[in-house]
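As structure tokens, the structure follows; a few thoughts come after it.
Residue numbering begins at 1 within each chain, and the chains themselves are lettered A, B, C and D in the order written.
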Amino acid sequence: MYKAGIAGASGYTGYELLKLIHRHPQLEVGWLTSESSAGGVYSDLYPVDWDYPLISLEDGLARVGEVDVVFLCLPHAASMQAVKSFYDTGILAIDLSADFRLADPAIYTRWYGLEHTAQELLQVARYGLCELYREQIRGGQLIAVPGCYPTSVNLGLYPLAKAGWLGERVIVDSKSGVSGAGRKPKLDYHFVEANENITPYSVGYRHRHVAEMEQVLNSANGTAHQTRFLFTPHLLPVNRGILSTIYVDVPAGVTEDEIRGLYTESYDGEPFIHLIPAGKQASLGHTVHTNRCAIAITPADPSRPNGTEYIVTASLDNLIKGASGQALQNFNIVKGLDETAGLL
Amino acid sequence: MYKAGIAGASGYTGYELLKLIHRHPQLEVGWLTSESSAGGVYSDLYPVDWDYPLISLEDGLARVGEVDVVFLCLPHAASMQAVKSFYDTGILAIDLSADFRLADPAIYTRWYGLEHTAQELLQVARYGLCELYREQIRGGQLIAVPGCYPTSVNLGLYPLAKAGWLGERVIVDSKSGVSGAGRKPKLDYHFVEANENITPYSVGYRHRHVAEMEQVLNSANGTAHQTRFLFTPHLLPVNRGILSTIYVDVPAGVTEDEIRGLYTESYDGEPFIHLIPAGKQASLGHTVHTNRCAIAITPADPSRPNGTEYIVTASLDNLIKGASGQALQNFNIVKGLDETAGLL
Amino acid sequence: MYKAGIAGASGYTGYELLKLIHRHPQLEVGWLTSESSAGGVYSDLYPVDWDYPLISLEDGLARVGEVDVVFLCLPHAASMQAVKSFYDTGILAIDLSADFRLADPAIYTRWYGLEHTAQELLQVARYGLCELYREQIRGGQLIAVPGCYPTSVNLGLYPLAKAGWLGERVIVDSKSGVSGAGRKPKLDYHFVEANENITPYSVGYRHRHVAEMEQVLNSANGTAHQTRFLFTPHLLPVNRGILSTIYVDVPAGVTEDEIRGLYTESYDGEPFIHLIPAGKQASLGHTVHTNRCAIAITPADPSRPNGTEYIVTASLDNLIKGASGQALQNFNIVKGLDETAGLL
Amino acid sequence: MYKAGIAGASGYTGYELLKLIHRHPQLEVGWLTSESSAGGVYSDLYPVDWDYPLISLEDGLARVGEVDVVFLCLPHAASMQAVKSFYDTGILAIDLSADFRLADPAIYTRWYGLEHTAQELLQVARYGLCELYREQIRGGQLIAVPGCYPTSVNLGLYPLAKAGWLGERVIVDSKSGVSGAGRKPKLDYHFVEANENITPYSVGYRHRHVAEMEQVLNSANGTAHQTRFLFTPHLLPVNRGILSTIYVDVPAGVTEDEIRGLYTESYDGEPFIHLIPAGKQASLGHTVHTNRCAIAITPADPSRPNGTEYIVTASLDNLIKGASGQALQNFNIVKGLDETAGLL
């Protein structure tokens, strides 16, 4: 039986991770930290009767020897030094923040507006997109769990990117449930404001998650092929789930069958990828409360058999496959367990 | 054309009042105050292009001569002195707070935990439950707009109370949309917490609105008959609307026909009361986005023709009939206008 | 006082139209038809106490002399002959179906899969997009009320189209509330299926509403400029409202200021167009329960001052500006009334 | 590894049961029946990629030897004979319908309006309310899974009933998510009708589930004590979850401490009962997506230390603890497995 420490357990990703750990046959809770609630118990925070004590991050570090893995659910920037402290003890660190996702510190600085203060770890961090980088993850000691939006886009487009079939520009219109914005009360997420509404934000090339799409998809094919990702996220009046509707132009001459073949081959045997049959679309219903990503590919114009325009729809649960579930999937891979343990 | 000042225009009741005034053929906006946003314009606050400047309460008072009525949408306690200042200028003051609803200052202190500092006005304030007190309202200069929950209960039970047919105890199980809690972000009203949920709060005899039920219903019949109101409000995952499900025991011998007769007679010709036919229940769909109160009466046990147990269901829109619409209805009554002006 | 007949009053657009007529100072209800509920009263259908009798379409036609306008809220195909019958009596016919929106019967047949059997009326029908075609509407006797999705797109893009600045292809990612799908129960619209979900449908060039975008926008500029509209509608878990997120490429050299100038000029003084200031986006909150269309324009890349990529977001209430409100606005124009009557 | 047959797998309880079985370490799917979809596969029905073939009930019966348990998710009346057929083969039958819940066939006939045609099995059926009847369940071959509403009420009141402290009449005001009404499209459950709404139905002593409350609670105490349950269910705009707000009068002299003691003792060590600390209430957030029932007890009047009025709030997930989860919990008990297997 492995034991897990969770640093920053008071947010939605921490809560979700706890629920998943309770289902995992080989993992149990070691300690939980919460800076704002240290000294209390978990049931102060959520409608549960789990009496786990909440300790400080410092105390968690002092008790690192009691656990086999530390999951860090801290905000970006705050995570940087915490990860380093845990990493230096030799423990497996699985970081759900953005701090170790981008390999190039200059790109990190450009998008996040601050200097990366643990750059040496960027070399050893593995980007934990399990279906694409399983081999690299296996030997990792520091895993950067991918962002929720990019996971939907990167899984949705990887087969095309690998074939070099993404055009110059891809348009990504994504819709996310409100839990993606965290648990801190704010007017935009007040029930009356978000309910019966949908709001675009950070439109164009403004959202930080574009960097993860560029990093993964523009390196998928050996050549220097570069695609720009015009990305518009929307706040959707649901608790959880992301749907990305993606507009792609493939090279002339590529057939629908070839494209479907790519996807089938890329994701053959993957337990958490649901390839949707032709003629149907991904919806949140395919994936919420699961660790799955559902992907559909549809030619834009049914009257043109070999047109170049395609719509990819991809959905996942932002708290599970887009965060805590994928974190646990990484843990399973690193420890050599059944990759689906705790995730069915 | 009359002009209105609105003190405290930045909350949901202020916003709703503005929308209603825009539909009113004889009323237009004079000035709007907002302590937190003074100096800005209304479109800073809501998704509208109304460029009304926002001024301070002090400036509103200085410009009282420009308007014919002041609607006060301030929090309780804060409203007390503001109402007094406006009232003393001789203008019609329509107060949406709780400060002038309770005739007895001792009862106010018991429920609100503070001294009433404008007690002399309690004598002149009229309780603006239009269907019941239309005559008193007509000559008023200070109107206390009733609370949202009690409006549903008082209209729902008044015919029974007037006949002296309310038993010793009435159980009121109410459900309210989140806008009833105001616009200030708080964890309970965060979308993710309130959505797909329902939460009881202030259960039993704890909620302040019980005082308004006692005041209205226990004085409806001449005798000293006293009913206790065991009241449980719930936070409902909708933007607006209140449904009260009310359990009443009538005296033995009273027939369903007699009860229906009471309601029909009490509300004959009322434009904003919707008496629902036997066998059907009130729902939010009957009243949201309207100034109406829908009321249904159902005997509890269909197998006992003249049983004593009845269920009354009553619904209204908490922001309209439960606040701003009723405020405007009071204005129409005081000014001798068509009572439905702006409210259809 | 004018009187209105409503043919097909039992659907959501009929219900909404009734509510709006109740607010209109110069229009009242004449008669209402419903094939499925003829012989009953309106309160059988909705949670209201309006006792309007429901008559058959045939009886409505026989009583055409009692009304000044007929609004037809019938399904497409069914509307064709009904419109003709009313039109032939000389009365003003305002048709909310798709049957008279497309000027070219061949295009109608292509998208709707059936022959147009009242082609002679296509010559006299006016496309009722009020802000663009006000002059033509004024003298009309047959008005085709535009579709909900195209109204958001056509108003959102018209200034660019008129300038000839729409590129070869525009991508339209639209999200619509469930009332857009009508009132007939179906598994897709069952609460449990649609709630906490979002589903794309008719992706690509498949949805009939593309034809209205082509017709309006490709004729906006005198030249033979043709734009294709790659359109993806989504079913959104809200009752009402459409948000269209639109991706446009303008010619190189065009500046953001020029574009904003076009919009300001095109919609100057329009009571129902809300141009959103730079840096903000349209949301449903801007327009639901109103007859307005809100439009925002944002350059995709803030780092490139004169880039060619823009995102237009446009929202409206599908039942009001996208149907019954726009129908009433057309009525006001034809009859020379205040265009906003009943619509504030 | 045990194998399960599911008869009537196409409804929400069948779907939920499948999801739970996938998490169960010792149970897997044998066969699934669906009369309406026999010949197809499960992924025709739900947004999943599970390719289980759907067979007819008759074929399921023929293949009873392949499974160790049959879960029947059929409508009441239809379940009666199906249960008998399976039971007669000697297999464990776990019935989620209402057909074997009521021990007295006359009571069944009174509430369900039809003759019970398998009365001999009423003697052997065990009422599967696990926390109360664990011992009887253990040896059962036919388990009647309790109804969703009564499970919340019976667990919420059992300690009081056992002590003989329920008064003459208990008022139960329950609110249920829409999945409780099944998957068949109907106007009441159309998204636009149910969303932003709440509707009472079957008010008073009309709902069939009252019979299960009477059967369990009126037999809890040895004496002939009889309580009437005035029950009002409401349709709540959420997918899943039941909240029951229950108004109880205990005998004079009983203290709050004694009551809390009863609950603590009755549910000591129960893995699926969450007793909420004093001063807080049960909400759906406590229990949705779990097999738990959360229960809170609150004295109505905080100013009277030993008053007799109490409010009990109890919540559960209608599809899990109120149906499929409880079904699986019964399976675990009968087979002597860890009672929480598959249910965490």
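What we mean here is this: contacts are C-beta pairs under 8 Å (C-beta built on N, C-alpha and C of every residue); 3 or more make two chains touch, one makes a residue touch a chain.
Computed from a predicted structure; not experimentally measured.
Student: A-D versus C-D: which interface comes out with more C-beta contact pairs?
Tutor: Looking at contacts between chains, C-D has the larger number.
Student: Let me check something: if the centre of a chain is the mean of its CA atoms, which chain is farthest from chain B?
Tutor: Between chain B and every other chain, the largest centroid distance is to A.
Student: Between chain B and chain D, what's the gap in Å when you average each chain's C-alpha atoms?
Tutor: Once rounded, the distance between the two centres reads 39 Å.
Student: I'd like to verify one number: the distance from the centre of chain A to the centre of chain D, where each centre is the average of its C-alpha atoms, in whole angstrom.
Tutor: Computed from C-alpha means, the inter-chain centre distance equals 36 Å.
Student: When the centre of a chain is set as the mean of its C-alpha atoms, what distance in Å lies between chain C and chain D?
Tutor: Here chain C and chain D have centroids separated by 47 Å.
Student: Can you tell me which residues of chain C touch two or more of the remaining chains?
Tutor: 193, 195-196, 237-239, 283, 285 - these are the residues of chain C that touch more than one other chain.
Student: Inside the complex, what are the residues of chain A that reach chain B?
Tutor: 12, 177-179, 183, 185-187, 189-192, 194-196, 237-239
Student: Could you list, by residue number, the parts of chain C that touch chain B in their complex?
Tutor: Result: residues 22-23, 25, 47-49, 196, 274-275, 283, 285-286, 289, 294, 344 of chain C touch chain B.
Student: Under the touch definition given earlier, write down the residues of chain B that touch chain D in their complex.
Tutor: By the definition above, chain B touches chain D via 171, 173, 175, 193, 195-201, 203-206, 230, 232, 234, 236-241, 243, 245, 247, 281-285, 288, 298-303, 309, 311, 313.
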